[in-house]
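Here chain A shows up in two complexes: once beside chain B, once beside chain C.
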Partner chain A sequence: MQTPVNYLARKHWKQTGIIALIGGIYLLSSYVLKFDGLGGVIAIPKAFAWLGINFRPTANSTQYLPSIWQKLLGTVMLAIASTVVASIIAIFVAILGSKVTGGNSIIQTIVRGIASFFRNIPLVAWAMILLFSFKQSDFTGFLALLLMSVGYLIRAFMEIIEDEASETMLALKATGASYFQVIFQAVIPQIMPSLISWILYMIENNVRDATLVGILTGTGIGFVFDIYYKSFRFDAAGMTVLSIIIVVIVLELLSNQIRKVIL
Partner chain B sequence: MISNSDERLVIKPKSPQPNKIKLHEASLSRYMIIGVLVSLLLITGYTLMHLDAAGVRINDAVRGLMMTLNQMFLQPSAGSDGMVLLLQALGISLLLSIMTTVIGAVIGFILAVLASKNLTNAYLGSGIRTAMAVVRAIPTIIWVLIFSIVCGLGTNAAILGLSFHSVAYLTKAYSESIEEIDQSTIEALKVTGSKFWVIVFQAIWPTIIASLVSWTFIRLEINFANAVAVGAAAGAGGIGYQLFVASGMSFDFHEVGMIVYLIIAVTLLLEFIAVKLRKAYIVK
Partner chain C sequence: MLEVKHLEKSYQKDKPALTDINFSVEPGTFVAIIGPSGAGKTTILRSLNQLIKDDGGQILLDGGDIRTANKTQLRHYRRQIGMVFQNYNLVERLTVIENVLHGRLGYKSTLAGVFGRYTEEEKQEALTLLKKVGLEEFALQRCSDLSGGQKQRVGIARSLIQHPKIILCDEPIASLDPASSQTVMQLLKDLTTEFNIICIANLHQIGLAKDYADRIIGIRHGKMVFDEDADTLSEEILETLYDQNATEELG
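Coming up: the complex of A and B.
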């Protein structure tokens, strides 16, 4: 029998337990990783002070602007291209593999397995493996982003199809429409808004990831930042970071506006 | 008598065919979808035409890639580092991601409460939201590189950099869940004269706990991927650094395969736990 006193006592214990658990995890990991909590907190204002002094773009650093923006634009376009190609592949695979539109359970399991496999191989591994065979080029960065995005998008699209399209599909099936009619007249138009929303999200994500891939494979904006950073031209590096911030925020605002209209 | 030749008197149907059924309604949303699709495809086409492949012969490159993949996935081995070292590095990466998620969740929750439109005043809220948007816009790897100047290369810089991004991400995610709460729940407690933090922990916390847990676990998965990436690109230690050394310096792709398998095992485990936890909270 649960009395109010009982309930409150249990709630109290539960809360204490959660707080103890969180604290315990923090202490254990900072012990193992030799993390100096206080030093870390002190390092934050230090880091910002350092940023304020060294990363402040000067009049001199405007000379780097054209090359930074050229690379940044190239990176954004690369991110868009890899996302679009990935989503074209992913939509067909997702239709094959989803529970409502897909083939038999063997095909579904295979598709799920492939998607999970591509998704879970770290981006670093893709970048390094591709770098070994495809050398230092934009194409390598494109492939790394593509392979990573395909895994994510297959899973996202399959979930969208299962969530949103099953009723419309059933309605069209009842009229005697063929499989391809159902896919192209019901499923795809129905999921289009969510599809685009996911593609936009993936583009934002890929622009950010492109920086990492760039540092590893020597392409795009990541490479530019790495060069400036490692040759101690911090004002130029600061300019690069500032440009990245502007582009990412503009992309986010733009896709939020698009989402508002289509959803 | 009416004859057929008397055309004025015969009533012809005005349009021989009924109006066509409109298949698509013209709306702003539809135009927007078409516009976005067309522009994305155009950009993609342009980019792919001008893509610089550095003169690599695709056939050779693909054959090389297949050979590498074969070495990686079919003949994995622990290589010269040994399994113990790899497992240790994996543990460090995992701890790194758990710890930064915990820091991100605690600070993120406090900031999210302060940033939510339905709880605090508009200026403070929009100030926090703007700051977090800027923090989120900077890639994690750049945060880690910035902190590594002050703290030196290593796990300290990685923890700070990863935490920064986690805080910004979770603040946004949490405050969106808080803003979905029914206003009457909050007002009911306000009427009783409850203080601000009482409202937060008695009304808001229990209402959003499910989405809180779910977002935190999504971030944990992201943080693990980031911890690997940061280890590789900023030398911050962990399994990512081993991966970088094996694939970029010693070219031991058997070891790369082993490391990738280890990482996949951990991510699958995290996914499994996340699914179980989500189910547990939704049933409640």
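Coming up: the complex of A and C.
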């Protein structure tokens, strides 16, 4: 018979065990990888110093700005487009799959499976796979971002529906409203703020990721960075990075502002 | 008239949540259901509009059995049964009047409902009902900006616009302060008489139940312990409802 006292005692031991296990895994893996934790930490300032010297944009590097900003704008648009399309797909799939609005448990399991499949394949892998079919083009990047975003958003939207919409849903169901009336009159308006908040977050994220994908697909700002880097024009590469940072920060500020208004 | 006969429900095998519930209510009656936590009050209420599928018995509304209704029939029964919730269950982002109009969805075609297209009469009626619950100036406010008592009155207006024969209230005042509680109880009592409807409310406050309800049903461990006029209900009967429970739970 499990008493509360020995339940708590066992829980305590479990926690200790888990912490020990994590510590053990760290030690084992640094041994296997010949990774020197302390040396790594000491090297960090040096790495930054190197970055600061070599990547510092000079007055000369402003000549690259027009082409950088043109590509950057394209990349931001790509990120926004893929996120918006992903959101529209994800909301309908999430409604199908959530515990409160969804179909039977088979459909729910399938939706969960699909979402975790798209989410758990790394973005880089998606881009590589899609390169075979769509070659180096903006569309490849768009599709890679879309697929991964769909995976994340389905999962997030399902949780939002389950947390925020179940009570109002019940109320409208009790009035005799039909399924679609409940979805459009209760569920969607109720979850809209959280939905938008997630979409904004995903856009910020995808701008960063689009850069990475661009290196692989040979498009956008990632491509520009890659060229400058490989041709040793480090100051121009630095300028590119700086531009990306500015855009990401501006986007973040902007979306925080939007969140404040809608929440 | 509402007749409940031999209603049964268990969530898990051999652990009945309701056993043999029998009562009938005439229009114009305000019934309070009281009983300790976990007694089965919510289960009864949600069986009445089949938000919970019960296991056996009959629930007759003017002679027709809600339990055996098909999907369309169930929608038609549900639109005659309003429901008021402890947490109001409004769409907080929408305006007061939009929430009231939600009570008409059961009467609309799917498409009109999906796009929220309401007739002029429905809008006028929503305003009239808001006036009745004392919220006419709030029609265009967002529900999230209202106090708890105000939200609950929106919930009541939403159920009234259904033209209900029954209003079910699951602890309608459990989240309200004493003054708002009085307002809401008085409102429910007045509406019951004015519209000649059946109002069934789960309550934890015995005092309010005696003050406002016509009839009180006591539930314990899923069984009906008493079903009495609110005026004649004696202290001893009331005490047995809670006392025995306490001793049983300790044992």
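Note that the second predicted complex is superposed on the first by the 230 of 263 C-alpha atoms of A that agree within 3 Å, B and C clash if a C-alpha of one lies under 4 Å from a C-alpha of the other, contacts with A are read in each partner's own complex, and residues count from 1 in each chain.
As a working rule, a contact is a pair of C-beta atoms (placed from the backbone, for glycine too) under 8 Å apart; a residue touches a chain by one contact, two chains touch by 3 or more.
Everything quoted here is computed from the prediction, not taken from an experiment.
Of the two partner chains placed by superposition, chain B and chain C are both touched by A:M192. Residue contacts after overlaying the shared chain place A:M128 against chain B, while chain C stays out of touching range. Looking at the shared chain after the overlay, A:V248 reaches chain B, while chain C stays out of its contact range. When the two structures are aligned on the shared chain, A:A171 is found in touch with chain C, with no touch to chain B.
In the superposition on chain A, no contact is made by A:N104 with either chain B or chain C. When the two complexes are superposed, the chain touching more residues of chain A, out of chain B and chain C, is B.
After overlaying the two complexes on the shared chain, residue contacts for A:Q181 are found with chain C alone; chain B is out of touch. When the shared chain is aligned, no partner comes close enough to touch A:T3: not chain B, not chain C. Chain A uses residues 192-193 to touch chain B in one structure and chain C in the other. Against chain A, the residues of chain B that register as touching in their complex are 28-29, 32-33, 36-37, 40-41, 43-44, 46-48, 51-54, 56, 61-62, 64-65, 68-69, 72, 91-92, 95-96, 98-99, 102-103, 106, 133-134, 136-142, 145-147, 149-151, 155-156, 159-160, 225, 228-229, 232-233, 240, 243-244, 247-248, 251, 253, 256, 259-260, 263-264, 267-268. By the touch rule above, chain A contacts chain B in their complex via residues 22, 25-26, 28-30, 32-36, 39-40, 43-44, 46-47, 50-51, 77-78, 80-81, 84-85, 116-117, 120-125, 128-139, 142, 192-193, 196, 199-200, 208-209, 211-212, 215-216, 222, 225, 229, 241, 244-245, 248-249, 252, 258, 261-262. Of all the residues in chain A, the ones that touch chain C in their complex are 167-168, 170-178, 180-186, 189-190, 192-193. Residues of chain C touching chain A in their complex: 49, 51, 74-83, 85, 87, 89-94, 102-103, 105-108, 110, 113-116, 155, 158-159, 162.
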